[in-house]
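These are the structures, in structure tokens.
Note that chain A is present in both complexes that follow, paired respectively with chain B and with chain C.
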Partner chain A sequence: MDEGRARRRGVPPRLWLAGGWLLLALLAAIFAPLVAPQDPLAQDLMLERLPPFWMAGADPGYWLGTDSLGRDLLSRLIFGGRIAFIVAFAAAIAACLVGSALGLIAGYFGGWADRIISRIVDVWMAFPPVLFAILLVAVLGTGLSSVILAIAIIDWTRFCRVIRAETMGQSRMDYVENARIAGYGRIGIMLREVLPNVVPSIVALLSLEMGIAVIVEAILSFVNLSISTDDPTWGGIIAEGRLSIHQAWWVLVFPLVTLILTVLSFSQFGEALKTRFDPVLR
Partner chain B sequence: MSAICLDIRDLSAVLPNGQRVLRSVSLAVQPGEVRALVGESGAGKTMIGKAVLGVLPSSVRIVEGDMLLEGEDLGKLQPKARRTLIGARTALIPQDPLTALNPSRRIGPQMTDRLVRILGWSGEKADTRIRQLLDEVQIRDPDRVLKSYPHELSGGMRQRVLIAAAFAAEPRLIVADEPTTALDVTVQKQILRLIVQLQREHGTAILFVTHDLGVVAKISQRVSVLYAGKVVEEADTAALFAAPQHPYTRALMAATPRYTDPFASLKPVDEAVLAGLASEIAAADQAWRRSHG
Partner chain C sequence: MLLQRFLIRLLTMLITLFGVAVVVFVVIRVAPGDPIAMMLPPGATDADIARLRALYGLDKTIVQQFFIWLSGVARGDFGTSISLRQDVLGLVFNRLPATLELAIVALVMAVAIGGTTAIIGARERGTAVEAGIDIASGAALSIPDFLWGLVLILLFGVLVPIFDISGRVSPQLDLPFVTQFYLFESLLRLRLDLTWDLLKHMLMPAVALALPLAAIISQLLKQSLKEVLDLDYVVLARVKGFSETQVILREALKNAALPTLTLVGVQFTFLIGGTVIVERLFSYEGLGNMAIDAVINRDLPLIQGIVLVFALLFVLINLSVDMMYALLNPRLRHG
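Presenting the complex of A and B:
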């Protein structure tokens, strides 16, 4: 017990780093109008392709430089974070609810329910996800809600597969049999006995999925299928940066770094949360 | 109400491939009696326990026979009524105390839940009852234990908790499925003593599944010897040990290591006896198949 407490006190540095970055990025996104140094949409051809602050010719008002239309890169990244986080939270939660529920049912009840759900998952996963996303948005039309919907429709299978396997493992445990002997109903056992034991995995996956949703959203805006073209998005900035890589590398590199840090932080944070939620690992 | 606590009559169960795993098992447990069910691993001891408690794996199907719990025919009840009856009148002391407790719930709610939700007790009454039982299984710091997660307790403590939980609802019958196998040798004895002590105080009948003839001799009043899903011998414990009738029982006893000569090599069960048993079972299976088309 004492040893456990000592371990609990020392928060691993990767949790600090991951959580810190996410908090910073989230706060910046929420308070974007207050935080952003410039208007992310204001073009000024006199200021095009200003380099970041440490290079010669930088302007102190534009820390990370400007793009080919003279828009402030930092402000565009901060505003782009808004869409990234909205998509991350909404799409991941939607995918999680659908996928976990179906996974729990398939894993716990087995038999026909499992066969039907598992076949659907197999078919679903045979589609190349990016192509699937592009196709879906093409059908649903661009816009924030269709991007969220598309990601949820594609990625629920991740939750379903993992939660199904976890649930199957838990359902074989003696405590489930004990609950059946005691006379609890099947659904009651699934929700009260099994579900708490898969929650750590659900939480870890949820965080991971938020990172994946950020990537998919970036991919969609990279191919210009995400939100309207006016609002800055990380993928959109990357797409623009690609065109001017030889003249202004920073327009490509900074959004890429932001994206990678965010996705990495989500996955690390999920891992740390999992140990938090699990009474055995805690 | 019938005087017999558990009455199993000619119970046969098959696997999907048609192989019989229980071969016309008959077994009667009197109220307040400890009935041992002894046999090698794979003999179907645990299967009988699971059949009684209604938790057979879905691949195993009961094809014949009746099970009467205090005179109520389990096979004739609706599934829901059967669950309720089994839940109220039976309990299990499991083999592995590690997996038999839900790892993500604290001991306290796990134990009281059953009394509150199945028997409809008030939370307060359930709590008092649980504390009383924890005292009976000699847990001296119930507050700490009730607040603990299962992994924070030792194997022996967990098994005590499970024994307390099994007796808490005053079941008429407890199935104890090798309750000491997963424990340390030093703890085994204490746990065994506790089970017997509580069994006497509460007058509960126990179907005690084990492969350990030493345990059988110590705690049971009657024994059924099982081989390949078939009861080969049934007798009072004293009589069985004084004069085993069936050759398999005799061979099983001869294979038990003796403390008087701890360095003697272990003897397997005599092969001639097993061959005899195999042909006996093959003949019985053939006859059974003929009569069941």
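Presenting the complex of A and C:
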């Protein structure tokens, strides 16, 4: 009951925080050349491993310090955000379109369509996802589009499983039967009647998937298989930080905090949307 | 009824494995980059290349290669690793125990942490304690194992360096083991010094893998416990004078655990999938770490073998959970 009252009072504060962080990170990424204090690729061995601003020996031009090649950490994080958000949006939307379409078809038509799609999902679920991603990028060749494609190829099943189950539930409802009696075609009912009712789940999953895509991209960068090694990525910075962890902990801490905040924010949105639209929980 | 269910599951399992074999075979053969060219020193002649291609069977069509490989697999022959030049099955069996031990330690930790917090949360329902557990499990669930691993490396490898963050066992130690199940064997041999050293290496990656699963167990088990705690027979036990903890442990847990069990099975496969990157992060010499090297080296036979072993592990776990569920669920047992 308490929860219900809290929800009616409006948007919970953690959602404001999540939205605020994502907006900040997104704007910084979009306007990276304007906001970044330094060139993210500029190396200067005189400036290597400068600590963040509050520590002795810091340089005011390098707020979060520098890495072992003297590159500005803050600027690299801001530019790395570009890759992270492009991958998050593109990969999640691609996975969503494929997965939701197949889930809708399997759930609504049942029979052979369902059996075939469900078998494919079973096969996909038997792959360790991280290994599958690494394998696909190795096959497709490193690069932004390969990373996006690999994530979409792997994660469509997340959408497919949920949307299939939801569509099956919806298809048994009276309104679907009524539409059939009223003489609507099967595909028409699926798209006009059933689809709008599963859209809330799709949107909630989409937000969760964006967080997952950011992580997968970071993992791929971490094993040096994401985009070209010149461009800064969050996972790439983490890989550097893991190596120089005893000399310069900040090179690991700041990208890690950035990733955690981003993932938590996406999942907060996903959870909030799920509760917001779920008639049982509401 | 039960046997029929088992046979159907076994059949779908084989179809799934066949599907995995087809997918991985097709995927890695579309790959640009010639593994043979990478093996040979510069200056190798075309004839050398052709000979090696024939040796690894790469001169045949994809369909021929697939069936040659599959018939080999059926006989337990997974081929020869191109980069390590050893029998794939031997390599896999050499590394698999390390991964299994890590995954099982992580599972035990997840069940222990998740179970305890669920019981405390159900006992203290409606209080600040429950709210605290909810927040903690929400955070543990949203942050994936890869990030937990990094957080743990920073906290317990650098800030307070009490655990080892690299490798499986201290390299200077003399190992008397005859199997690759180091942890298990060290316990059997009562070499607790080695057990401790292994655990010190294993603890951080295991916690990283365990936390998300612990959160799921905690949330689901607490929910089921709270539902069961309102039922008549539980109320009766309370009237009989049992304390709330006793009521939960003796009466409620048995009935609330079933939905959690099914979920733990599926989630355990996710945990094993997570070992790939977590092993890499902690330089732990398991199957996942070897898999990443195999991909980087374009070692086709080794990749195929590892992926298939992972897939086999996943479907076997799902099968056993399904069977356990059928055995424990009275409605299915007699239905």
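A few remarks follow.
The rule is short, and it goes like this: the second predicted complex is superposed on the first by the 263 of 282 C-alpha atoms of A that agree within 3 Å, B and C clash if a C-alpha of one lies under 4 Å from a C-alpha of the other, contacts with A are read in each partner's own complex, and residues count from 1 in each chain.
Just so we're on the same page, contacts are C-beta pairs under 8 Å (C-beta built on N, C-alpha and C of every residue); 3 or more make two chains touch, one makes a residue touch a chain.
Just so we're clear, the structure is a prediction, and the values are computed from it rather than from any experiment.
Superposition model on chain A: chain B and chain C are shown accommodated side by side without a clash.
Looking at the shared chain after the overlay, A:S267 reaches chain C, while chain B stays out of its contact range.
By the document's definition of touching, of the two partners only chain C reaches A:L256; chain B does not. When the two complexes are overlaid on their common chain A, residue A:I238 makes contact with chain C while staying clear of chain B. Of the two partner chains, chain C is the only one touched by A:G141; chain B is not.
Vectors from the Cα centre of chain A to those of chain B and chain C enclose 90° in the overlay, to the nearest 10.
For chain A, the partner touching the most residues, choosing from chain B and chain C, is C. The minimum CA-CA separation between chain B and chain C in the overlaid arrangement is 16 Å, rounded to the whole angstrom. The interface of chain A with chain B does not overlap its interface with chain C at any residue. The part of chain C that touches chain A in the complex is made up of residues 12, 15-17, 19-20, 23-24, 27-28, 30-32, 138-139, 142-144, 146-147, 150-151, 153-154, 157-158, 269, 272-277, 280-281, 288, 291-292, 295-296, 298, 303, 306-307, 310-311, 314-315. Taken together, the chain B residues at the contact with chain A in this complex read 53-55, 58, 83-84, 86-88, 90-92, 94-96, 99-105, 114, 117-118, 149, 151-152. Touching chain C in their complex are the following residues of chain A: 119-120, 122-123, 125-132, 134-136, 138-139, 141, 211-212, 215, 218-219, 222-223, 225, 238, 242, 245-246, 249, 252-253, 256, 259-260, 263-264, 267-268, 271.
Those residues of chain A that touch chain B in the shared complex are 1, 110-111, 173-175, 177-178, 180-184, 193, 196-197, 199, 278-280.
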